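Each of the two complexes below includes chain A, the first together with chain B, the second together with chain C.
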Partner chain A sequence: MSHEYVVLQLTNYVVPATLLAILALGLNLQWGHTGLFNAGVAAYMGVGAYLFGMLTTGNFAADFNIPPDGTPDWLHWGPAQPWDLIPAALAAMVVAAVLGVLVAVPTLRLRADYLAIATLAFAEIVRLILKNERRLTGGDQTLAYIPRPFGGIVTEGWASDGVFMLVALALLVVVLYAMLRLTATPWGRALKAVREDEEAAEAMGKNAFVLKLGSIAIGCAVMGLAGALTVSFQKVAIPDQFVPFTTFTAYVVVILGGSGNPKGAVLGAYVFALFGWATQQAKAYLPDAFTLRIDFVNQIVIGLMLILIMIFRPEGMMPEERYVPRRR
Partner chain B sequence: MTPPILEVRDVVKTFGGIRAVDRCTLSVRPGTLTGLIGPNGAGKSTLFNAIVGLYAPDAGEIVFDGQPITGLLPHEVVHRGLIKTFQIPREFRNMTVLENLLVSGPPAPGERFLDYVRLFRGTPWTIPNRWKDLRGAQDAQQHRAEEVLATVGLAQLRDEYAKNLSGGQKKLLELARVLMARPKMVLLDEPVAGVNLTLTQKLLQVIEDLRQKGLTFFLIEHDMNVVMSRCEWIIVMHQGRTLTEGVAAEIKANPAVVESYLGG
Partner chain C sequence: MMGLAGIWARASSLIGRLPTWSLVVLYLVAAIAWVGVFIGRLAWQAAIQGVVVGSIYVLGASGLSLTYGIRKFANFAHGDLMTVGAYVAFTLNVVAGQHIAWGFLLAPLVVALVAILLELLVFRRLEGRPNAALIASVGIALVIQNVISAIFLPDVKNLNVSVPQDFSIGGTGLSFNAVKGGLTLAISITFIVLMHVMLQYTTLGKAMRACADDIDLARTSGINVRNVILWTWVVAGSFAGIGGVMLAIIVNVYPYLGFFVLLFIFAAVIIGGIGSPYGAMLGGLLVGVIQKLSGVVFGELKIAGALEGGAAYEPAGAFLVMIIVLLIRPEGLMGTQRQRMGARGFRLRLRWPKGAVR
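Up next, the complex of A and B:
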């Protein structure tokens, strides 16, 4: 076995798992800690992904109609220069957070389920814009040539995948650490009170509205980062990736791992990604007739797993930890 | 005579066609233990919810500590020193007893974003000191929570999940939680309903001790023994408004009260 093969096999599993873990960490803050039912995870991820893609390629708008002479007519009405990756990723996070807050403000004061309805509708709007606003996003023809970190040094092949894996892992560690610290603060505790009983939390002096907005903003920013990393790894952004199934996947990961525990969300992502990876591996050994069907078997297994978890271990693999400080 | 700490003037709260609170007017003097009694559906709990901002009153005015608090949000009312317990305990179930206390009251040190912004203001080499101060303030808050738990006798259940407490212990937790907020006045919605005699005595003792220290209590209670023996002033509500008020002996002797509530 050559080292190239090992690295490629490893990245095939680790990179999707790590990106899913970052996405799940964002959702875990909203759903696991604050009890907010955000049904538009895919949209915040998609917004981050596309903004990152548009900024780093410098093609804020690209006309894909190829004129008779054969040269594509690129329209630059965004930044003239492609952005660096770090400011672009930060911009993706900020815009995802701002959109999260904008959708949440009118609905958070209403009953809890209205947030789900509003975010679900928002997700569909975002997806349709990504799909149809071709001058901006490339639509179904995709937004291509999105760079990877250190793309100027390691251009392609197994080394590029390996480097990306290390960058993603480093970012996962940063986000996980930030989440562990954030949720351990009195702010994180107040979020839990809102999750347990919002009215009682209000009556005990907590400003539930502001607490929920904070949770939305930070959670959506992390989702935006996950989106940016995803398209950076793929080098191309596809609108059909940001469908409700992606949101569903994020929920399965959080519930599987243990909602309310950031470490659980990461564990959930790595276990979940195992299924996708195993499915791909299995294809090599199966007769052709099954290779298409196995993807559906995979989805059945995921659904079944969710049902079993809800029946036998509703708190997830790694439940929320009890807070037991030293006596003061 | 000292001015009242809480004044309710002509407050109205309707649900559909029902006027739950119908131009109710009453006042509570500071440092007292005042009782609010009346038949079921008289509007007592609704009035409490309207006072603390859980319901927005349709009309009328509520003044607390000289300031109008009508239409304020619940958390704003708490910040002014007025807080209420729930009739059916609404503990934060999947949080420990200690955490239930720590989340109660105005924002704790380190709960607001601003607390962390402040760390980075000014000279950089004092950041560690300010961080230590913030942690110190959090430790002090936890210390106070442990003291409050000892006061109500829940100290040994500090790390238990609130959902695992018994009904009576949850009532104690409700009381501990509101005390944690350092209120000037506490509204108690049936604090001893469903609580056994020993625990009732303990709860009442805690309330009496705190009243001695200057805290004002306003309580809804159906246990007439408790109300008549403990409350120095009693207000009777009937059909959404105050029927009468007075000391225990006057209430017991009032024919209107006997007819509407106490019975023959």
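Up next, the complex of A and C:
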């Protein structure tokens, strides 16, 4: 076994798991800590992904039907000059957060289910726009050549994959640390108070609406970052990746790991990705008739997992740590 | 001799006395006419299609609203119950080679059975935890979609139903299909009337409304709440089954059929007022018509060069209307709860003028 093979196999598992963990950390703040059912995870991820892709490729869209004179048919709305990766990722996070707040303002004031349905509908609208407006976003499969971090220094292939894995892991550590710190602050505890009993929190002088908006903004920013990293790794943005199923995957991860515990969300992502990786590996050893259906079996198991966890162990693998005030 | 102002005063007082639902229908007709004047034949045709599609949404939405009223959670698996109905029809009609009428008979039975099983195995255990039930229903949706995909493979399939030619309505250039349009409308209207009779005049329907109002009070008044809940699932499931068969005839059969329709059904339920079956009926009609009309409008915008997507944005029109309704009348058209909305309510919620930093 050569080292190239080992690195490629390792990144095959670690990179999707790490990206899923970052996404789950964003969702965990909203669902786990604040109790908001945001069903538009895929949209915030998609917006972050496309904005990052547009900014870093610099209005160049790969055109698969290049006309004879050689100039591409259309360009997307990115800037004339490509941005650096870090400002582009920051812009993706900010725009995802702003969108999250814009959707949340009208729906947060209503019953909890309305947020779920409105965000799910919003996510579908976003996906349709990403897919159809080619002049704006580059459209389906044509926003390509998105750079990876250190793209100019590291050669393509296994080295590039390995470096990306390290960058993603470093970012995961940063986000996890930020989430652990955030949720330990008075602000983080107020979020939990809002989740447990909004009226009681209001009576104690906490502004539940503003707290929820803050949770939505920060969570959506992290989701935008996860989207940006995803397209950077793939080098191409695919709108059909941001379907509602992506949202539900993120929920499975958070609930499996333990809602309300950032470490649990990370653990959930790595366990969940192991399951997905194993089914992909199993494809090679199974008869053809079964490989056609293995993705469906995979998703049936995910669905059953959701149901069984909700019934038998709603607190997940790593339950939320109980907050016990220290004695002075 | 009454002046123009007098006529206006008369008219506005008359409008004020009309019930909400008739006003909504009036506005809808006005909207159709307005778009129709600008775009012409395409819009009128879209309105006809919209009424037909809307009548299917009505079947799904009224059942969803019924279960929401009693169980108090948004059931994300309701659309997939419709898919089950569509595949029952497909199995009977194509695999077993029977007449489609068997589908109409058996699909509601099978789907009602599935709904009862879901209640007994899953939702009953999650009583009093609406968020957990919502997430479990997402899991159920995934399981149903993928079990169907694994059995039938996710290809788009068609039923073996002979549909007569569209007949054109004399001289207007509009067309209407006797089976796809007429039969669908007739069945939907029959079932809406059935639901109305059940809710208003039968003991079961009254018990359902009582449970939706206050389940503890219903229990103490001697209503067997468990049985009422099971019957609610039977009604919702059989309506979803019928809706699924009609979707299979009008559209086609594929595993994500119901999940795609689910968003429109949710839009219908929200526009009508969540938990109110009559509101859901009105909402279904509205969503169907708006969806098809907005498809035409988006198509025109594509021709004008403003958009590239065109009719692909059809769902967006319905969702936008849903979001607008949420903004200006969050309790829905037929809902009862009143909340302070608008700019003033927003400012109150933010406590903006106090300048308190939190």
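Here are a few things to note about the model shown:
Here is the rule we use: the second predicted complex is superposed on the first by the 308 of 328 C-alpha atoms of A that agree within 3 Å, B and C clash if a C-alpha of one lies under 4 Å from a C-alpha of the other, contacts with A are read in each partner's own complex, and residues count from 1 in each chain.
As a convention for this text, contacts are C-beta pairs under 8 Å (C-beta built on N, C-alpha and C of every residue); 3 or more make two chains touch, one makes a residue touch a chain.
In this text the structure is predicted, and so the values were computed from the model without any measurement.
In the overlay built on the shared chain, the residue A:R293 is in contact with chain C alone; chain B does not reach it. In the superposition on chain A, contact of A:V94 is made with neither chain B nor chain C.
In the superposition on chain A, no contact is made by A:A282 with either chain B or chain C.
In the superposed pair of complexes, A:T185 makes contact with chain B only, with no contact to chain C. In the overlay built on the shared chain, the residue A:G35 is in contact with chain C alone; chain B does not reach it.
Of the two partners chain B and chain C, it is C that touches the larger number of chain A residues.
In the superposed model, A:A203 makes contact with chain B only, not with chain C.
When the shared chain is aligned, chain B comes close enough to touch A:V324, but chain C does not.
Comparing which residues of chain A touch chain B with which touch chain C, the overlap comprises 206-207. Listed in rising order, the residues of chain A touching chain C in the complex are 35, 37, 105-107, 109-114, 116-118, 120-122, 124-125, 128-129, 131-135, 139, 206-207, 209-211, 244-245, 248, 251, 255, 292-293, 296-297, 299-300, 302-307, 310-311, 314. The touching residues of chain B, when paired with chain A in their complex, are 52, 54, 73-75, 78-79, 83-84, 86, 90-96, 98-99, 102-113, 138-140, 142-143, 146, 159, 161, 177-178, 181. If you check the complex, the residues on chain A that touch chain B are 185-187, 189-190, 192-193, 196-197, 199-208, 214, 260, 320, 322-325, 327-328.
Residues 68, 73-74, 122, 125-126, 129-136, 138-143, 145-147, 149-150, 153, 259, 263, 266-267, 270, 274, 307-310, 312-313, 315-316, 319-320, 322-323, 326-327, 330, 339, 341, 345-346, 349-351, 356, 358 of chain C touch chain A in their complex.
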